[in-house]
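The structure appears below as structure tokens.
In this document, chain identifiers A, B, C and D correspond to the written order of the chains, with residue numbering beginning at 1 in each.
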Amino acid sequence: MNEKNIEESPLKQRLRSIIFGTDTPEGKAFDIALLVSIVASILLICLDTIDSLHNNYGELFLIGEWMFTIIFTLEYVLRLYCSQNRFHYARSFFGVVDLLSIIPTYLALIFPAANFALAIRVLRLFRVFRVLKLLRFLADGNLLLKAMLQSSRKVFMFFFSVSLIILVLSVVMYVIEGPNNGFSSIPKSMYWTIVTITTVGYGDITPQTPLGQAIAALTMLIGYSIIAIPTGILTAEISHEMVKVRDLRKCSNCGKKGHDNDAQFCNHCGSDLETLDSLTNP
Amino acid sequence: MNEKNIEESPLKQRLRSIIFGTDTPEGKAFDIALLVSIVASILLICLDTIDSLHNNYGELFLIGEWMFTIIFTLEYVLRLYCSQNRFHYARSFFGVVDLLSIIPTYLALIFPAANFALAIRVLRLFRVFRVLKLLRFLADGNLLLKAMLQSSRKVFMFFFSVSLIILVLSVVMYVIEGPNNGFSSIPKSMYWTIVTITTVGYGDITPQTPLGQAIAALTMLIGYSIIAIPTGILTAEISHEMVKVRDLRKCSNCGKKGHDNDAQFCNHCGSDLETLDSLTNP
Amino acid sequence: MNEKNIEESPLKQRLRSIIFGTDTPEGKAFDIALLVSIVASILLICLDTIDSLHNNYGELFLIGEWMFTIIFTLEYVLRLYCSQNRFHYARSFFGVVDLLSIIPTYLALIFPAANFALAIRVLRLFRVFRVLKLLRFLADGNLLLKAMLQSSRKVFMFFFSVSLIILVLSVVMYVIEGPNNGFSSIPKSMYWTIVTITTVGYGDITPQTPLGQAIAALTMLIGYSIIAIPTGILTAEISHEMVKVRDLRKCSNCGKKGHDNDAQFCNHCGSDLETLDSLTNP
Amino acid sequence: MNEKNIEESPLKQRLRSIIFGTDTPEGKAFDIALLVSIVASILLICLDTIDSLHNNYGELFLIGEWMFTIIFTLEYVLRLYCSQNRFHYARSFFGVVDLLSIIPTYLALIFPAANFALAIRVLRLFRVFRVLKLLRFLADGNLLLKAMLQSSRKVFMFFFSVSLIILVLSVVMYVIEGPNNGFSSIPKSMYWTIVTITTVGYGDITPQTPLGQAIAALTMLIGYSIIAIPTGILTAEISHEMVKVRDLRKCSNCGKKGHDNDAQFCNHCGSDLETLDSLTNP
């Protein structure tokens, strides 16, 4: 490792700290520029699907698309160049995503099959997570994530029970309403049940028989009530995590615990508090 | 009881521990295989209701249905054979469900009345709960269940009040809108009120008069607001139960309370903590 | 008062304790019978509005209606007879409701104007609250009511802000979409905004212009987010009230506080705990 | 400043305390009268958009509109007259809003372009906030605002994640359903995704293909689940703020903390408690 660093040119080292790093001002600027480029290129793909805009500005969109593709290709080559282990990068999750985000535009030169290439081109969005890995280091994200992981077992049991309820209600509605009223199969009936239990209620399929409407009303009341359960679980976990984080913020001078997330000084003796991030992100 | 055990063949005892028990690895494997079979047989019933699939793969589905029916019949016979008290099993809830899940396929040989047999065949789903009784022993389920039981009296009062509101609003809307605008009877008007107050909003029946729309808007705002009440009740109960469970986790060495659900060692003196399950599931 | 009691016949006193009181077994039985009668008479009115049932069982419903009217008339006369101050009762809220619940059926003999009489006949429902005053004495109801009163000021401010948001969005949508797309006036536009912000979403009026759809999407996201606010307020209040009620449950032997709502004995010293109701309902 | 006060006529000083101040009874009365006028003038604009009312009472509405405009003009002139620094007031946010609320009616004399003038006329609504600044001083508003600010970073991260999910689902649905089923462009598909994920569910665009319906069902379940997250965050924050506010309410006699928001006397020693407002609004 040490030997490798000696071989590398200072330019390569500097490039790596800019492209892969997030600590230097240049590294942060690069990440922000990349985030803006990704969002802009996605926006361009979205707007290009509107017929009236495509007809008027189609060529402009094409130029923009090629510009972003060239930028991302350049970035991919630079990443390959300055990474310490090129094969490792090329085979990593982000390496594959980086490659997938530039290939479709080149492919479109040869096979102009619009829709499929589009679907892959939008994978570009996953590159956003490359920049977002920054957020992982924020205390708030950690707290939320921890609360969600802690409650995941309870939430899984909740969704398991909901699935059973959905299946039973779907079969009952399929038997009662039948194909004549739009409940043409059990999977279709499950689609209706999910539309109803989540209180979305499109109205493309609605019960027509009195008994069907009564069971539909029951389904709605079930959906309306059980929405309380995941909220209750998650709230209790977040509350608990927040208390724990505050208890971690102990003044090293007087020992008082329970300071606020954003407190800079101990509210008991006035001495400087350590930052929270160092405590919650070991 | 002892005498009975002496009479029993070791095979019968072993079968019982596999089929009814959940402690041995074989018992767990049997339960998982059963769970998979039940889910697969239900899935098969669901897919068979899709016309295009039924036309193409109908025979395959029929073969699968008979295969599962034979498996479940075999299982039922084995359960009957190795249970200590056969009449007790046959008359128990799960005994009846087990029987009901195999009868319809045999009946369909004689009377091919599709829909009704289907409805009963899906009762098979209740057999899932046989396997799920395992979940009862998980601490999380216990906590959730306890919180729901503790809050059931408050939630009942909430639903009682909501029922009164729904009835009053239904009558008012029936009088205002009348049969010409789709509010053809008070029960139908109640269906509309439930669709609206739960924020489902199909749109199959909508108020047409200005006064009706004003009261509809009021109904929506009521539904939107009171959704907070059961959430508040349940969250407060879950929070309280979680604190209580944590307080139960007392270190037997130093006496410190309030350890996390997943903590293995006391975070004060480092000694091993008893498992939570033994505490919350006496 | 004392003199009055001396004049009264024991029958009258006993009747009063049955009809108005809730402490004796007879008083409770009377209240339950009354509750059942009210619910049954309302159910009958509801079912009578269904055309097919009205055509087949219309005469049965009429007989039932007259039966209940005679029962309620008898009850009204008895209440008048045995109340200590007849004018006071007749002019009280419940006295007026009791009278209003029997008059419409008699009026229908003279003026058979169905709908209006129906609307008043359903006022009968308010009589349910006469029986429900019992619930006021339940600790859970008290806790919920107190939490709602405590949070009412915050909830009022929330609804005031929501009203402003609704008004602004309505005007903006009226200007953008205009009468051609169903937004025929600002009140109609407000109806649409409430349908959208409460996530009901009938779909009878939907935005057609791209800008309108963008603002509609914003409206939905606002509605989706701010639903969290009343829930948060109420949950925090209920949580606080529950802790306070538990703190009130102090063991008179060892002084330990914080017992559960349903605890019968102190979990520290084992002595009998006073009932909660006497503490929270002074 | 002192010199300026000496120059001013007592009338001007008194007018200023009435118009800008909120401490004197006259100042409060003025604010309430202003609030009523603003709400009434907005109501009038709203009702005027209903065709039937406009045709019958159009002239009455016009007279009302001019009456309110003259009142607000008078108020604006008085504010200009009695403010200590006229240019400062005229250029301030509320000064501009005050002016904007009277100009459109005068402009309508010259250019009768209804819709645009209407949109500006409704800016009048922002004047409500002038009166509402009073509410800022209420402890409840402060607590709510503080809880929302404290949780804003977490809520922002939540909405960022939701935006990503919406974008990915929109593209997937656009590729699957395509323009033939109403998903004519990615922005339109985003409109559908937001309608679905917020559980509004208009039903103007609904998935037609089985795969599209499956992904729609997934979208609904996601929307139904993640509604719990902002609720959890906000509830935990409000809970924490409420505990903090109660801890601030310390009895100056015996030192006991944790009194209720509305407590007047210490529940431990009985001495008078300071008002909460002075503590939370420094």
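Keep in mind that, in the parts below, a residue touches a chain if its C-beta (ideal position, glycine included) is under 8 Å from a C-beta of that chain, and two chains touch if they have at least 3 such contacts.
Because the structure is a prediction, the values reported are computed rather than measured.
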Checklist entry - Touching chain A and chain D alike: which chains? => result B, C
Checklist entry - Same or different for chain B and chain C, where same means more than half of the interface numbers show up on both copies? => result different
Item to check | B-D, A-D or A-C - pair sharing over half of the C-D contact pairs | outcome: A-D
Item to check | Fitted rotation between chain A and its twin chain B in degrees, CA, nearest 5 | outcome: 90
Next on the checklist: Need the most distant chain from chain C, centre defined as the mean of C-alpha atoms.
Outcome noted: A
Checklist entry - Where the CA atoms of chain B average out and where those of chain C average out, how many Å apart are those spots? => result 30
Item to check | Centroid spacing, where centroids are CA-atom means, of chain B and chain D in whole angstrom | outcome: 43
Checklist entry - chain A: which residues touch two or more other chains? => result 187-188, 190, 199-203, 223, 227, 231, 233, 235, 237, 239
Checklist entry - For chain A, which residues are in contact with chain B within the complex? => result 150, 153-154, 157-158, 164, 167-168, 170-172, 174-175, 178, 184-188, 190, 196, 199-203, 206, 210, 213-214, 216-217, 220-221, 223-225, 227-229, 231-233, 235-237, 239-240
Checklist outcome for this item: chain A partner, complex, touching residues on chain C are 199-203, 231, 235
Checklist outcome for this item: Seen from chain B, its contact residues with chain A in the complex are 42, 45-47, 49-51, 115-116, 118-119, 122, 125, 128, 135, 138, 140-141, 143-144, 147-148, 155, 159, 187-188, 190-191, 194-195, 197-204, 223, 227, 230-231, 233-235, 237-239, 242-243, 261-262
